[in-house]
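Each of the next two complexes has chain A plus one more chain, namely chain B in the first and chain C in the second.
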Partner chain A sequence: MEFAINKADLVRELNLSQGVVEKKTTIPILSNVLIEADGDRIVLTATDLELGVRCSAPAIVKKGGSGTIPAKKLLDYVRLLPDGEINIKFADNQWATITCGRSKTRIAGMSRESFPELPHLPEVLAEIPVKTLAMMISKTIFAISAEESRFTLNGALLIVRADGMVMVATDSHRLALVEQKVQLGNLKAPYRALLPRKAMNEILKLAADAEPDAKLMFSGDDNHLFFTLGQRLLISRKLTGNFPEFERVLPKEHAHAVSMDRDELKGALERVMQFADERSRAIKLTAAANEFRLHSSLSETGESEETLTVSYDGPPVQIGFNAQYIVDFLRATAETEVVFHFKDGGAAGEMRPGGDAAYTYRYIIMPMRI
Partner chain B sequence: MRSIFHIDMDAFFVSVEELYDPSLKGKPVVVGGRPDARGVVSAASYAARKFGVHSAMPLRTAYKLCPQAIFLEGNLARYREVSLKVAEVLRNFSPQVSMASIDEAYLEMTGTERMYGPPMAAAHKLHEKIKQATGLNNSIGASRSRLVSKVASDQAKPNGILWITPQMEAAFLGPLDVRKIPGVGKVSEATLAKYGIRKVRDLARMDERFLAEHFGKVGMALAGKARGEDAGGWFDTEIGATEDPKSISHEHTYSEDTTDATILESTLSRLSEMVGRRLREHGFHARTVQLKLRYKDFSTITRAKSLADPTELDTEILTAVRNLFRSNWKPGMAIRLLGVHLTGFEGASPQMNLLEGDKKDRLRRVFQAADKMRDRFGDDSLSLASGMQGKFRERVHEALVIKEVIKEKES
Partner chain C sequence: MIENVFGNRAVVETLETMVRDKRMSQTLLLSGPEGVGKATLARRFAAALLPNTESIDKDDLGSEDNRELLVDREKWTSEKRSDDPLFFSTHSDFVTFPPDGPLRQLSIQQMRLLKQKAQFGPLKGPWRVFLIDHIDRANEQAANSLLKTLEEPPPYLILILTAENAYDLLPTIRSRAVQLTLGALSDAEMKQFVKARGLDRSEQRIALASGCPGLAVSLDLDVYEKRRTAMLALLRVASGQGGMEGWAKFSESIGASKSEKLEGYLKVLYMLLEDLLVLHEGGSKIRNIDLERELRALSNVISFEWIRKAVGKTDELVDLARRSIQKGIALDAFAVGMRRAG
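After this line comes the complex of A and B, so read on.
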């Protein structure tokens, strides 16, 4: 195999594979990127067996064929080359020779024989606006559990229906839910799957480069989910197991609500949080006549309090919360006004964006005992 | 003037066995297990000690030294019961008591002269009370410091009382081997011998700076100890002050190495219950769960997992330790020892759970009820189903020897 390719094209596509290739693996071939040259393009494939990325770039193919080389080493090196054309040639002994101007480098590759086959792309289920999916991901991804042993919580539940999508993530302390109405064509039945966090991050990367109205071709088989955007394909293994019955824990109603300015609340939280326990991040929220108070104290360090003026005429209510959880929501919310719904210190609170959003965004947080 | 007693039960396990079977009296008796079993001697009668048998010695070695000895499995529940009786006598005698192990204790006796008379008279009264309550012999050391009292009770054995009067500490300790000082084990003894330090008086003569230079902090403590002072970490707490543990652990050594995953996981279940129970006794929640795994060839690995929420539940400890086990054990590799170790103690997490509702509260109540059952009917009365195949007899050694062994390993 031998081809010539523009440096910028190669770097851009190799970048996509970096989030996927295994850095530390017991299977060495998984650190490699598979390169296939045919016609007027090369196709790059990387996988860690959980996630796979396939992308391509235009190239002048002098001799068709395929081979694999360490993905990180290749990118690190190519990045340092001057802009212009790079020539890559694979010898029969799996060594790749990279020439660019006066630079010449050989990298040890491995035979493609042992590179895992990616699953076959099934029939497309729906065409999803990529920016919409990315919006839903960024509003839920932070609520995913960091605890690896809780397999079913290491990703988000994705429900794709003919008239819209739902995404839900929870770590059992809080839950984020986004529902977006969008016409997705003729899906016969709702499609449910658990999307791993790593795949969500890769979709965000794909979306960052995409045109505003670009569409993802979405499909799935028994074990995998497929997202195709133009020449790029992302394949993710589904998380197995049952996602918790989230409908059951969504509060039906709340006794009280206060509306606040997002940035004002966020600023106050970030300051008060400095005097909360570093691990639990516990602060005390108090709703009283037309004011909303945030209070933290650390016996040996100090204490902090802020008061926001709000419209509230209910009884005084005091609730403990992990301040970080609220800040996470405020960072993911585009609206400048947010509404906090609550009942008492023992019941789940809920944050929602204010105004008439075109989508539903609910963020449920369990209190802390104070 | 300061007055401290150290009470040590004579050949405790063996003496308790003799209470139940008086025919054992005077005979060489070894507690720990059958002579061909793996494991070590927990206790030996004075008659057996004459043959060179001592605690922590492999049972097989003990058998070679004294084949005519009577080997007993031992009965921890019995020893605990008697130990509690001793503790009760002590608490009635002085308000400040520290049980140092199952068979020894320190008593703060300062200020009791008007009640009990001088130390010697008080010690006689106490000695008699313990004998009356339990029928067992014991030895008492009395002095101005814990260290000297401890060494004195050892010198007073068997069934004796030794009071080291003020100012006489150095004269008493001087002629003794350095090994007699608590905290000096085999390793320190050998190192000290290299500098010609064999007796406590050799140690007392050494320049403190020299000791600090060659033995660090331990050296400073040694210098103090040689003068009969309560120096070093052993004596930092007040007698009777309750000290919270920094870690809780239980281990099990198989009498035969095993590769049977069912048995191994069953053992983990039992160990999780044992540490869980002690965790609840102290009212703690543990943040970190650690697995200890020793292979046939003695190579040992430890792997720890930090939990998102600290726990006090056997089932959560088991889940964590079992995951560690599954991802670290190479199936087929014969295992000699498993251990479960908890650290990072804190209060219950104040964070409420969205998905579990009151599941944890209910589990907590289940385990608390199980604890009560075990208090009444014994440790084996109730267990997790996953631990049914992992039953084993718990071993406790007369703690002093073991403590020293552990200290040595750590230092």
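After this line comes the complex of A and C, so read on.
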């Protein structure tokens, strides 16, 4: 195999594979990127067996074929080359020679036979606006559990229906739900799948490069999810297991609500949080006549209190929360106004963005006993 | 259906029936002596179940690449090993978790990785097969962390555990698995196997392996003979035949060698003691057939009680070897202790 390719094209596509290639050494072939040259393009494939990325770039193919090279080494080296054309040639002994101007390098590759096979792309189920999906991911991904033992919570539930999408993530202390109405056309039945966190991060990367109205071709088979954006394809194995019945957790109604300025609340929380226990991040929220008080105290270090002026005429209510959870929500919210719904000290609270958003965003936080 | 397996027809047929009738036990425990073919059978079984398994044997622990990797990993710090838990997966739906590190143990990190991988469905077809090789090398914590997965594996997952002795395992592990016991191969089966593999010095290999084809293949006869000469000298001295000077030069060279492990010598010592017992009690089917004369002479001067004690002391050394005791001194102590006992 031999081809010539523009440096910028190669670096851009190799960058995408970096999040996927295995950094560990146990199975060396997984640290490699598979390069296939055919026609006027090269196709790059990387996988860690759970997630796979396939992308392609225009190239002048002098001799078709395929081979694998360590992905990180290749990218690190190519990045350092001057802009321009790079020539890559694979010898029969799996060594690749990279020539660019007066630089010449040989990298030891591995035979493509040992490179894992990726599943075949099934029929496209829906065309999803990529920016919408990315928005939904960034509003839920932080609520995914970091606990290794709770695998079904190590991803987000994605429901794709003909009239919209729902994404839900939870770590059982909090739950983030985003629902977006969007006409997805020819979808026959709703599609439910657990999307691993790593795949969500890669979709965010794909979306970052995409045009504002680009569409993601979404499809799935029994065990995999496929996302195609132009020449790029992301394949993720589904997480299995039963996602909690989140509908039952969603509060039906709340007795009270206060509306607050997002930045004001965020600033106050971040300051008060300094005096909260480092592990639990517990603070007390008190709603009283037209004011909303945040309070934290650490017996040894000190205490901190802030008061926001709000419009509230209900009875005084005091609830304990993990302040970090609220800050996470505020960081993911674009609206300048947020509404806090609550009932009493023993019930879950809920944050929502204020105003009339085109989507539903609900964030449920379990209370803490302080 | 399950091809290229020597011996243990009953077990193979049980597995074949499972595949044919599509009535799988999702947790299987294969037990039997070292080298009898437990992991090999697991791979052949997986090959019958999964598509495109031509290269599945690359995950054989005995293969040169994998042995090199294991030796290489011994030099790593334990933190590095925990960060990068060991597994093999040439076929993406067949994953092997072998014991790792200088003590060859299954770590809790490996078991966590297993649980994580278990949550992903198969790449192709209805099954994934995970092999936990030497589950008896998992400490209690690691073993316990597996219980839930063993009891309720995801519908596509078959877990195969292997252990030399099923009764070394926690009863909670044993009770969650369907047990299949592999026995030593008959002489005829061994001959067939050795012929199929085209091994050299076949007669000696068959005798030494005592029905375990894996052993017959992996045995490096030159190394084995070198160790055996040393261990025979040790037994002679320990039984009071000649003075300590007959052992001193071996003790020195074993102590000085950095690359060799005490375990390798102890395995040979067990084999010799086994042969001595057989000869002492009037049997004739021994492993070290080429040494029959020397062993018979030695067996005439020792008692059953002496052999029992020697085995007990060897057991002790095996335990101590895990705490990296000095090789030479440990063996010296064995000789001195046995001379006193004699």
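What to note about this one:
The rule is short, and it goes like this: the second predicted complex is superposed on the first by the 369 of 370 C-alpha atoms of A that agree within 3 Å, B and C clash if a C-alpha of one lies under 4 Å from a C-alpha of the other, contacts with A are read in each partner's own complex, and residues count from 1 in each chain.
FYI, a contact is a pair of C-beta atoms (placed from the backbone, for glycine too) under 8 Å apart; a residue touches a chain by one contact, two chains touch by 3 or more.
Treat the numbers as computed from the prediction; the structure is a model and nothing was measured.
With the C-alpha superposition on chain A as described, chain C and chain B clash in the combined arrangement.
Looking at the shared chain after the overlay, A:A255 reaches neither chain B nor chain C. In the superposition on chain A, A:P244 makes contact with chain B only, while chain C stays out of contact range. Of the two partner chains placed by superposition, only chain B is touched by A:M368; chain C is not. In the superposition on chain A, A:R174 makes contact with chain B only, not with chain C.
In the superposed three-chain arrangement, chain C is struck by just one stretch of chain B from 151-159, 223-231 or 259-267, namely 259-267. Residues 149 of chain A touch chain B in one complex and chain C in the other. For chain A in complex with chain C, the touching residues are 24-27, 49-50, 113-114, 116-117, 119, 148-149, 151-152, 154, 222-224, 237-241. Residues of chain C touching chain A in their complex: 52, 55, 58, 69, 83-90, 92, 112, 115-117, 119-124, 154, 156.
Within the complex formed with chain B, the chain A residues making contact are 145-147, 149, 170-175, 244, 249, 280, 282, 320, 322, 346, 348, 364, 366-370.
Contact residues on chain B toward chain A in their complex (touch as defined above): 307-308, 319-320, 323, 349-356.
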